[in-house]
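Two complexes are shown next, each including subunit A; its partner changes from subunit B in the first to subunit C in the second.
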Partner chain A sequence: MSVGTDVIEPRPAVPAVEGGRTRRRWLNWLFVIPAILFQFFWGWYPMVIAIFLSLTNAPIRGAVTFRGIENYVRLASDPLVPMAFRVTLIYGILSIILTFIIPIITAILLMEMPPKTMRVMMILWFLPLSGIASTLFWQYLYNEKFGIFQYIATAVLGLPPQAFLSSERLVLFWLIVPGIIMYGPGLYYIAGLQGIPKSYYEAAEVEGAGFWRKIWTISLPRLRPIISMTLLFSIIGSLQEFTFPDLMTRGGPNGASRTVVMYMFTLLNNGRIGDSTALAVMLFALIMVFVLVFRLVFKSDPDV
Partner chain B sequence: MILVPELAGVLQPAPRKESRCFMSPSTRINRRQFLNMMAAGAGALALSACGVKAGDGTGTTPGGGAVSNVKLLTAGWPIDVPFANATPGFQVGYNKAFQAWLDLNPGVSVERIEFNVWDTAGLRTAVAGGTAPFHYPIGVLGGWNVPGIQASNAEGLFADITAAFEKHKVLDLLDPKVAANSSRWKSQDGKIFGIPYEVVSSEGFFYNREHLAEIGMDSLPLNWKWTDMREWALKMTKGDRKGLAMAAYALDWILPTYGIDFDGLLSHYPVPGKGFNWRWDFTTFVDDIVEGVELWRAMNFEDQSVYTDPNFWDYSQNGQLAAAFYDGRASMTPGIHLFFSDMAGKMNKTILEADEFMGFNRQPLGPLGYTYQLPFSNSAWAFNPDLNEEELDKAVSLFTYMLLSDGFVTTTQEIYNVNKDPSEIIRAIRWPFANKFSETIPGVEGSLSAATGKRFSEAINTIFSQPKQPEVGEYVPPEVNRGPGDTPWYDKLTRWGYSQDPFDVKADAAELENILNQQAKTFPSSVDPDAFAAGINKYYADMAAYLQANAPEFYEKRFIPFYDLRIKPEFG
Partner chain C sequence: MSLFPTVGRKQLGVRISWWLVVAFLAFGVFMHLVPFYIMITTSIKPATEAMAMPPTLWPKQPTFAAWGLVLKLSDIAKSVLSQPLSKYFLNSMIMTFGTMILSIPVTSLAAYAVSKLIKGRAAKNLFIFFIGTLMLPGIVSLIPSFLLTRNFPFPLPVAPNIPGTDVAFPTLRIWNTYWAVIIPAGFSAGNFLLFKGYFDGIPDSIINAARVDGGSEFNIFRRIILPMSIPVYAVVAYFTFGATWDSYLWPLVVIQDSAIAPLTLAIRRISDAFGAAGTTNPLTAVGASAGISELVSQGLSWNGLMVLGLLQAIPTFIFFIIAREYLLKGVKIQGLK
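And then the complex of A and B:
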């Protein structure tokens, strides 16, 4: 069709269009169904079952007895439950501050470095470290008697011996520190930053924008979709934290690092499956509240 | 008994306080969980090291006849499929024995599945879902204590094997001491739900004889106390060497000897008819808690005689504590007697050389002569409740044959024939055995206890022959409604043991008491109050008699006041 003519090309025959659309629709479903089934069996079904079990005695074998909100009432009067939620929230907030914001800054600064340096840093960030092995390694670093951190604190910095993981006040902070190094959302940010056309920055420079101005008006807004996604994952992940504190401290000292999921697991191992699932449902509700608030408050579209 | 030397790492957690974690079969970070985790990893490793291959997968039965068509699934231990490319000794012996059983039982096949029977949550799920192997350790689901095991049985997690047990005359195959100690495999109404597999000492300490000789001692006395431990550990501390290597559970060993524990004799008491049947009291004898905490912290922080850390959970023969012991950086290290032969292997010593190098003793007593420890207990194995009658019969038959009777003899004879040294049997199978062959085995020359090492075997026999104190789980009906777990108790132990923040033990003890009692109020009980009261009455009567005979000072100064305060008013 050439521009400027009044000739209107005839539409394709309607039956052909319908047939094509139908086929496309089928194809679409064909590709989507495995994901839906997967989500159904591994996500929604367990979720519904968990909600159901949380209202029962949840025996391992034998008849299931409906108990209403008895499990929830029991958890509500268990002093360890609010304690675990408090620890989880503090851990989540600290974790987001330290392992989410710092990598953004680092990524932006890295972009200003020579490409070779940047590549090396990316490799370091993306090293395929084993989570468990790293955790054990950190356990030794923190050891109060022969750990290298104690050596640095006492022999190098001249400080008194530090308690590290034995300090109830600071244990959560020390647990999060390895995440700054091990957790690598910085890689996503670098990828996002690399996707921003250079012409944006060049145009800004022509207009006289400085380093900070470019970050504020170009880099951060353009990173917003990535920030939004990783922040959401960070919130969910930190509220579900289990492995690292469990391996490092087993929740101690005095329960100061016991998260909700750790307590859930303890209840499960104690054979209190109903209580454990009730706690899981409570955590699920809390996470959903956070996610909803986040979705309402945080706009991921950079052009909004 | 352990059938493979490497499997010495796959140990059953020690039978320390029997009623630990009253209604909870397994609790958060106690030593058992650690041991289970150890076992989980070590099992696969050990079996692969032994050349075990699921390989052909089945021990298919030759011949025909009255074919049963039974297939048993095993997670690989202690009953496994035959070794592929078996090496002379244990492996060949095991294969011979296995084949002999298959010949007697046509139509039965055994198939190896990938499953970790030491993972509590995994095993619980498998039993619930009907995918569990044919046998698994009772303690994993039962929390290694009598109340938990009995409760798990009442929940239907273990098959009732009474008929097969009687048919195969299992009782006659057991060591009499083991047979008499049935609370971990027999219900109060006489039904059998497990078969003893190993005899396990309570936790104790291995010590370096040479280091002990340096302070003028030949061996640790049976009735030593924690104050002795402090004194001798300090004396043996020299340069970089520490007198003691100790796991983070130190206070969980010390305080119970004062009668204070999550389920300690003096710190928890029965209250029938008020929902959950138990309440906690950590304030009446709080001065004892203070004393115990001060003793440990003095050893750790003042004497500097202990190699320890709040993250040292591993006190197995494979852990960092044992490593310090092996290379002389520590003079004593915690463990259970089952570690002995594996420790010898770790140090490249023969069994007899290991006996010269190290000794073993039970834990020290409390200041008033009380110990919460049992002399020994039986680690028993349960059978899958989804097996039908015929499958159960074959499963019990196989288990019994291989571990308690002819198959055991065939296996050990083969080891002896290859090595001409009975101590190689001890290296392969942990001694003493639950069967009747701990002293002699047909076709094997010499005494097994002598082959274990004179001093070690004497120490073990002495420990095992101590009087057994009553276990409350043997007296009261099983409680299937789980009560509070021991999480709050361990919270306080981690603070008291290692925290460098200021804390007040007395305030903590009161808080601990409040938390547990607050939790307890929300739990119902499944037990009939009258039956509970009857059992409790008998339990405390027997306990009083035991204490009078074995810990008279503790009886006078602690038990009587406790009894007058907590038991008499409720039970008259």
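And then the complex of A and C:
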């Protein structure tokens, strides 16, 4: 409607409260129905079905028959399964211990910078390097013959040549190192910290609170819901790791970096659909144990 | 500037710790820029220099040979890549934009309804229904989802027969098409959380005022809420782009035909071929295909892989430049409650 030819149309009368409400309420569901369908068919449905599928033979051809816990029994006698779980646990726990806290500290310290410096630092920090590109980069750095890490180890530090990703003992550690040295602030933490009123800190200072005291009694408690959420996602995510170790080492050397999800993928590629699903259900159970422990620890929220 | 005391900033101890903080932050930023520097400089090194020990800081003879070779990689080494690189780039683009076009409206409309339109117990239950999957390990649905792309709606390798006949139930098959990547991503629980956090921050009074003026709920959303919510849309678009562009495991499972494979899978193939040729790591050399030997003799080694990495990184980079202003304005997340 352009301004010049505007004709004043009679506005539709506001519907009577009762009728209007019900009409609206019905139409509101149109907003959510597509999402409900997607979330049902590609979210909940396959998740629940996995448990049933893991109890069948799930052959590539022919009829599906119920086999009870046969798949689980077969997996239990497969020596590669406990090995994959061991790798997953070490990788997951080590990466959370070594990489979870640093972004929180960095975000808190970044808030101390003058606004302009902070903006520049943030933009530089959040410059994204695609995940696949970064695996190529790290492979290059870890190269045993002409990688920069080998150069640092032999020429700078004077150590004997290191095996890096070919070392069965240390490969998991080396896979986590990039996460430690590429430290930076988390976007969610900065967003959370920006929501804290300055007056809180000023009041604390009047009361005589110092640097650490302010972090401990203001910043961290206010970040608590966000930290609890990101920690939950890191636990779930790091125990389901696939892309980075797969591209970096393909599970080698001798399966020393083969996570459960990588082994699932191998089973799937060999046409063992039932076994692969059963392995997924086992990993699901393991992660749920961690999630439940986490919920018990983080249950009492003093702010609520 | 709230942690350091406002009074007594000139004291030596305070000043030293201030500069320590600056040094810590500056070092982190510096480290973050190193990969870009190394990838770019390596990509313009000749093959031998890319494998020189000690590594050179700046190429002695900068050359764009690796860029040229990578771009016509499929002509030289047909056995490694059956399609030109631009085709994989296009495949990734189709999947990524397809996902964005489907998932962003579906997710944001649902988040708006749960935040503002539906009240009471229904809203609470819907919220749990929508974000519940986020708190469970999603890997368990990998294989059923894969089977669903083959025989929707049966998550089975083969669709069952209609009872009493030998005819299988008709099924929908999206496996090995672009749709297999796009449709399962139609709703994103993580983005739902971002949208809902943002919509929760919009005062109800604005919507109520619009209701008094008349107009359907959808028009209120389109005319009033949408223009106010550009930051969150920018952030979600950026996240969705980055996630889909980089997706790896799912395309590995559902895309078999290399003519529709995304760039990530093409890079995996190339990197494997180089590894097998011993170019990247002499210890894993198991024998090179003819095409790869040809590429290597023309001067492609790690410099080529860095070119590939940069090609993969550039689109996300551009999206970041567009979305950067909105990053902080769009994230108003308050945890899972």
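By definition in this document, the second predicted complex is superposed on the first by the 257 of 304 C-alpha atoms of A that agree within 3 Å, B and C clash if a C-alpha of one lies under 4 Å from a C-alpha of the other, contacts with A are read in each partner's own complex, and residues count from 1 in each chain.
Here is the rule we go by: contacts are C-beta pairs under 8 Å (C-beta built on N, C-alpha and C of every residue); 3 or more make two chains touch, one makes a residue touch a chain.
This one's a predicted model, so the numbers in the text were calculated from it and none came from an experiment.
Engineer: Overlaying on subunit A: subunit B and subunit C, fit or clash?
Structural biologist: Once both complexes are aligned on subunit A, subunit B and subunit C clash.
Engineer: With both complexes superposed on chain A, which partner does A:A107 reach: first (subunit B), second (subunit C), both or neither?
Structural biologist: Neither partner.
Engineer: Residues of subunit A touched by subunit B versus by subunit C: which partner has the larger set?
Structural biologist: C
Engineer: Please indicate which partner A:L175 is in contact with in the superposed arrangement: first for subunit B, second for subunit C, both, or neither.
Structural biologist: In the superposition, A:L175 touches no partner, neither subunit B nor subunit C.
Engineer: May I ask you to decide whether A:E144 touches subunit B, subunit C, both, or neither, giving the answer as first, second, both or neither?
Structural biologist: After superposition on chain A, A:E144 lies in contact with both partners, subunit B and subunit C.
Engineer: One more residue to check, A:L231. First (subunit B), second (subunit C), both or neither?
Structural biologist: A:L231 sits against neither subunit B nor subunit C.
Engineer: If we overlay the two complexes on their shared chain A, which of subunit B and subunit C does A:L55 touch? Say first, second, both or neither.
Structural biologist: Neither: A:L55 stays clear of subunit B and subunit C.
Engineer: Touching A:G255, do we find subunit B (first), subunit C (second), both, or neither?
Structural biologist: first
Engineer: Does the superposition put A:I190 against subunit B (first), subunit C (second), both, or neither?
Structural biologist: second
Engineer: Applying the touch criterion given at the start, work out whether A:L268 contacts subunit B, subunit C, both or neither, answering first, second, both or neither.
Structural biologist: After superposing on A, A:L268 lies in contact with both subunit B and subunit C.
Engineer: Mind working out whether A:V87 is in touch with subunit B, subunit C, both or neither, as first, second, both or neither?
Structural biologist: It touches nothing on subunit B or subunit C.
Engineer: Subunit A residues touched by both subunit B and subunit C?
Structural biologist: After superposing on chain A, subunit A residues 59-62, 139, 143-145, 166, 265, 268 contact both subunit B and subunit C.
Engineer: How about subunit B: which of its residues touch subunit A in the complex?
Structural biologist: Residues in contact with subunit A: 21, 23-29, 33, 120-121, 124, 127-128, 152, 155-157, 309-311, 313, 385, 482, 485, 487-488, 490-492, 494-495, 498-501, 514-515, 518-519, 521-523.
Engineer: Please output the residues of subunit A touching subunit B within their complex, sorted ascending.
Structural biologist: Residue positions touching the partner: 59-62, 73-74, 77-80, 139, 142-145, 163, 165-169, 248-255, 258, 263, 265-272.
Engineer: Any idea which subunit C residues touch subunit A in the complex?
Structural biologist: 1-6, 17-18, 21-22, 24-26, 28-29, 31-33, 35-36, 38-39, 42, 51-55, 106-107, 109-110, 112-114, 117-118, 126, 129-130, 132-148, 152-153, 155-158, 160, 183-187, 189, 192, 211-214, 216-218, 221, 242, 245-246, 248-249, 252-253, 263-264, 267-268, 271, 280-283, 302, 305-306, 308-310, 312-313, 316-317, 320, 324, 327-328, 331-337
Engineer: Where on subunit A does subunit C make contact in their complex?
Structural biologist: Touching subunit C from subunit A are residues 11-12, 14, 24-25, 27-32, 34-36, 38-39, 41-47, 49-50, 53, 58-64, 106, 108-114, 121-134, 136-137, 139-141, 143-146, 148, 150-151, 155, 166, 181-184, 187-188, 190-192, 194-195, 198, 201-202, 205, 210-211, 214-215, 219, 224-226, 228-229, 232-233, 236, 239-240, 242-243, 246-247, 261, 264-265, 268, 273, 276-277, 280-281, 283-284, 287-288, 291, 304.
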